[in-house]
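By written order: A, B and C. Residues from 1 in each chain.
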Amino acid sequence: MKRKALALAVSAAMVVSMLTACGGGNSSSGSAETTAATTAATTTAAPAENAGGSSDTEETTAAPADVDYGTGEITIWVADNVQSFTDEQVAKFLEENPQFAGYTVRTEPVGEGDAANNMITDVEGGADIYGFAQDQLARLVSAGALMPISGDYAAFVDSENDAGAAGAAKMGDTTFAFPVTSDNGYFLYYDKSVVTDPTSLDKIVADCEAAGKSFYMEINSGWYQPAFFFGAGCTLTYDTDDMGNFTSCNIDYATDKGLTALKAIINLHKSPAFVNGSSLSSATNVGAIVDGTWDSGAAQELFGENYACAKLPTATVDGTSFQLGGFGGFKLIGIKPQTDANKMQVCLAIAQFLSSADTQLARYEAVGWGPSNVTAQQSDVVKADVALSALAEQLALTIPQGQYPNDYWSLATSLGDTVIAGEYDNATDDELMTVLQDFENTCKSYAQ
Amino acid sequence: MKEKEPKMHMQHRRLSNAIAYAVLILISLIWLFPFICLVLQSFRSYTEGGGAMVNYLLPKKFSLDSYKALFGEESQFFKWYGNTLIIATFVSIFQTIFILAVSYSLSRFRFKGRELLMRFWLILGMFPGFLSMICLYFLLKQFGLTQSGAIPGLILVGFASSGMGYYVCKGYFDTIPKSLDEAARIDGANRAQIFGIMLLPLSKPIVIYTALVAFMAPWCDYIFASYIAFGYSDSYNVAVAMYRWVNTNDYQGYFTRFCAGGILIAVPITILFMCLQKYYVEGVTGGAVKG
Amino acid sequence: MEKKSSGVFAKVSAFFKAVAANLKEIGTTFTEGDWKTKVSYVIMGFGPLMRKQYLRGAAFLAIELGFIYYMVSFGAFYLKDITTLGTQGRGFNPDGTVSYGDNSFLILLYGLLSLILIALLILVWRMNISENRREEQHIKEGRPLPTVMHDIKSLLDEKFCFTLLAIPTLGIFVFIVLPIIFMICIAFTNYDANHQAPAQLFTWVGLENFKNLFSFGQAGFGGTFITILIWTLIWAFFATFLNYFMGMAVAILINKKGIKFKKLWRTILVMTIAVPQFVSLLYVSKMFAADGLVNAYLMKWGIIKTAIPFWTNATYAKILIIVLNLWVGIPYVMLVCTGLLMNIPEDLYESARIDGANPIQMFVKITLPYMLFVTGPFLLTQFTGNLNNFNVIYLLSGGGPQHMKLVGGAGYTDLLVTWLYKLTINDTNYKMAAVIGIMVFAVTAVVSLVVYGMLPSVRDEEGFQ
């Protein structure tokens, strides 16, 4: 059995407290003192291991073949549309790595949103490896559903992926997941025969109105809504610590910039062509839609010859115009905390494999997910993709999506729903400013 | 509101009947409309809108695409269908036994604490069921009845607490005269025999009603079943599986398949229901009056 | 069922008297009893076993042994931490594996189970004492004690009800009572997204969550709770009575003399009961979306210019839900009313007609009072059922639209129970969900008690037989 050289980085006191934690974990006598020690130890352990990890090199990644990894079962949750792809890749992996032959791997189709919810409900009953969208990271870390990744694996995440993706896999300084895509952003799909000029929101909407088609954008989602706010120059980010807690909130929505953005949203809602939504499969009368790469297949089918993509347009309010921005997001693969050291090694190896350049490229070819791996991003096929290049253009205008508390998403939906209900249609600037001030205060109240 | 027109003139009666028919036809159309839509959508070809939602009623091209997809080799639909059938059957059997047992006891026996028990159960019924979802999950997990063991788990949860739903059945037993029991006792039967040999055959409608209601519930259970079976698709019931098709972005173009699946569930249940409608009506009416 | 109480005070004093009497009997049984009885105070069932009451004795003994086994192997471990809900947090070992500490959730759950089992054991212990006392009296008076055979037979005869009730009651205890007590306790802890077992501990916080429910500040739940409570009551009222009257109207229409194919009309309506709601309601919900079927056709026919915001405007959404609920509820009420309407004696109507009453008068004077009288309990159960009508709301509107004035992810069409569900699933805010669950109970209980007292048809239960 392989163990990292712990004496390097871990102080003697910490070892003692760790051993107490191991031994006393399930037995009866646990005093308040040990808790304090353990919690302290946990927080210091992760960076310490990072530091120590870089010194002991090949051991972890190369996974020597002569070690007995025992047997076990590993469950992987992935979205339904990549399940068969993941099956193939895992089979390939096990073939290439006979030392893991004792493990059977089962994949289950569990959507990214459900995966996070289910993991949080019962960590122990959840999957060993699972895919999720980056906005769930803080929730999952705080619920203890992700193991910190250290040493070579953390270095792998940093070196192989674009900076945004590597940052998205971190809480504080600790890496918690392997990136798999950098395409979790949105841009404009449109029907060439309807929309003549995709650079201006007003023109898109006017074209849709004239053609009797609809313009879809999910303005009641905390994910799409910042396209306006960030585009107008506002900020909304949260700082977190290594434990998944939100420490502070940086927001300036209650400013003239925020007011411009909110007015742009209200103007959009007033158009009869506007429909709130972002799912092509339930949209019925699309002239243009703000959506992501996962719908590119459906969009090509729907628009046929008139299929076209572009970065988001500019919005114009009271004579000033601004380019819509928004989030650039990432999809990640995480591992739940393991109690068995061997199985943990196998899980790490599988997750790393699923995040590697070859697999990402193969995944792009199979299902069109845009890679986060820098090597894969440079391949010709990826560069030639229409949707991905529109996205790349848009991503240049966005901020990498950080971590947001769960309540933020709900609050943003409330703001969007209130706009859609038409309550601000005739509101004065002062009234709108009060709304923004409320929004800002509530956002701040989520960080302790 | 429509009122009767009891004038003796034939013409008046005819007119009022014509209005009544018109209203009834209108009502029937409204009530059938969603089902007609479901049927039409389920036969829509994939070449139109790729199985996604559309905003018109009549498909331009009919095909069996959606049904083929459900029956296809890769589809787990019939696995889920079978799961639901198993759950529904067992829940139906055990729940009927439980309810009959409780109803008989409360109807025919006067024991110490009986009133207290009934009142206690009445109060328990006022707590919303979702409250205890997470607790039940961990209780079942303790016995290995979640995820891969979710089917027996769902059966257990389905019937274990069903004794509280005794009202309708007890009401029915109350209407069977006690003098019959007395007569049987004089003939030397004990109470178990009275229950099995005499009372049950007299209660056929209520037994069928109870079993039917219990059988239908698992087909609609998407909340609790998804909570218990999460992350293990072999244990899903049909509602959990299909609910995902229309509510997560992972499934593009599953809408017509959802409609087709809905039809495949609805048709057998509707036929079963129609055959047993008589008993259902009897149970509902009796239950409503007894409360 | 409800007996007139002679004041709370009388009940309380009666309770204490009963406790005192019990204690006294326990004492006298011990002092007056023989050695077998005295040993039974420690080893339950000892007395009955020695007196050849094998079945009873063995049952008592088995319960005691089972209890001891449970406590030693399982229960005591959780019970000892119930005051703190655990102190030992989770930690990561140097090799990266995790070692879980105390699991607050399981400590609370099995701690409560242990407490309940202790209470039940005391009850059984008390029965054990009575049993000893009764046996001694029988022997003293020279009467024979029941044989094992007799005991078994009685379980199929005069005690058959206990045989029948045993397993269903156990089921209710494990799957209803225990979870409810557990969730009530959760309302007094800080179990939420930031305090999740097994990674983190949660602990008792007293009335903190209830204070939050009634705090009307910016992040307080107060305003939202009141808004949702009012809508819940309005919804239940309309959903119940509109369905009731419309359903009765349809039943009257189908029952009307001269209407043919009565069975056909009924069958068409009843189909909605047979088709699973998650299929039919989900479809209907999509029909009314902004770009759904209804809006598309209305626009195509030129009736409206812009789509009607059925689900995004709070008022429209509320009205639409009540209307669509008619589609769900009318068939059910129609079934109930059909049979009952036929029970109204025809000569009542006949004599009214001779007196020159018109149909509306007859409906108001004869049909309605009769129906209200007979279906009173039905209306009550419908009303409390609608207070918790999860499916209709969740499948149709999902509780939306949300609003800046509402916190906790609540929307304007949310009922308390759908809000509870959202708090559990989306926010894992179990503590507030538990508080709202208790509120749902309170509302249901108050409504039931008030209405139950007003029902005209509340009669002596025995009167039916």
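Here is the rule we go by: a contact is a pair of C-beta atoms (placed from the backbone, for glycine too) under 8 Å apart; a residue touches a chain by one contact, two chains touch by 3 or more.
Quick caveat, the model's predicted, so the values are computed rather than measured.
Simply put, of B-C and A-B, more C-beta pairs touch at B-C.
The chain with its C-alpha centre at the largest distance from the centre of subunit C is A.
With centres defined as mean CA coordinates, subunit B is found 40 Å away from subunit A. In this assembly, the C-alpha centroid of subunit B lies 18 Å from the C-alpha centroid of subunit C. Among all residues of subunit B, those that touch two or more other chains are 53, 55, 134, 138, 246. Residue positions of subunit A with contacts to 2 or more other chains are 121, 282-285. Residue positions 286, 291-292, 296 of subunit C are each in touch with at least two other chains. Taken together, the subunit C residues at the contact with subunit A in this complex read 77, 80, 86-102, 193-194, 196, 198-200, 218-219, 286, 289-292, 296, 305-307, 309, 312-314, 400-404, 406, 408-409, 411, 425-428.
Considering their complex, residues 49-55, 134, 137-138, 141, 146-147, 227, 230-233, 244, 246, 248-255 of subunit B touch subunit A. On the side of subunit A, the complex with subunit C involves touching residues 3-4, 6, 10, 15, 17-18, 21-22, 24-26, 28, 30-32, 34-35, 38-39, 41-42, 45-46, 49, 117, 120-121, 123-124, 139, 142-145, 147-148, 150, 214, 220, 245, 272, 275-277, 282-285, 337-341, 344, 406-407, 410-411, 413-415, 417-418, 420-422, 435, 438-439, 441-442, 445. Contact residues of subunit A toward subunit B in the complex are 75, 77, 79-81, 108-115, 118, 121-122, 125-127, 279-285, 294-295, 297-298, 301-302. Subunit C meets subunit B in the complex at residues 1, 105-106, 109, 153, 156-158, 160-165, 167-169, 171-172, 174-180, 182-183, 245, 249-250, 252-254, 256-259, 265, 267-280, 282-284, 286-287, 291-293, 295-297, 327, 331-332, 335-336, 338-340, 353, 359-360, 363, 374-378, 380-381, 384, 388, 390-391, 416-417, 420-421, 424, 430, 433-434, 437, 440-441, 444-445, 448, 457, 464-465.
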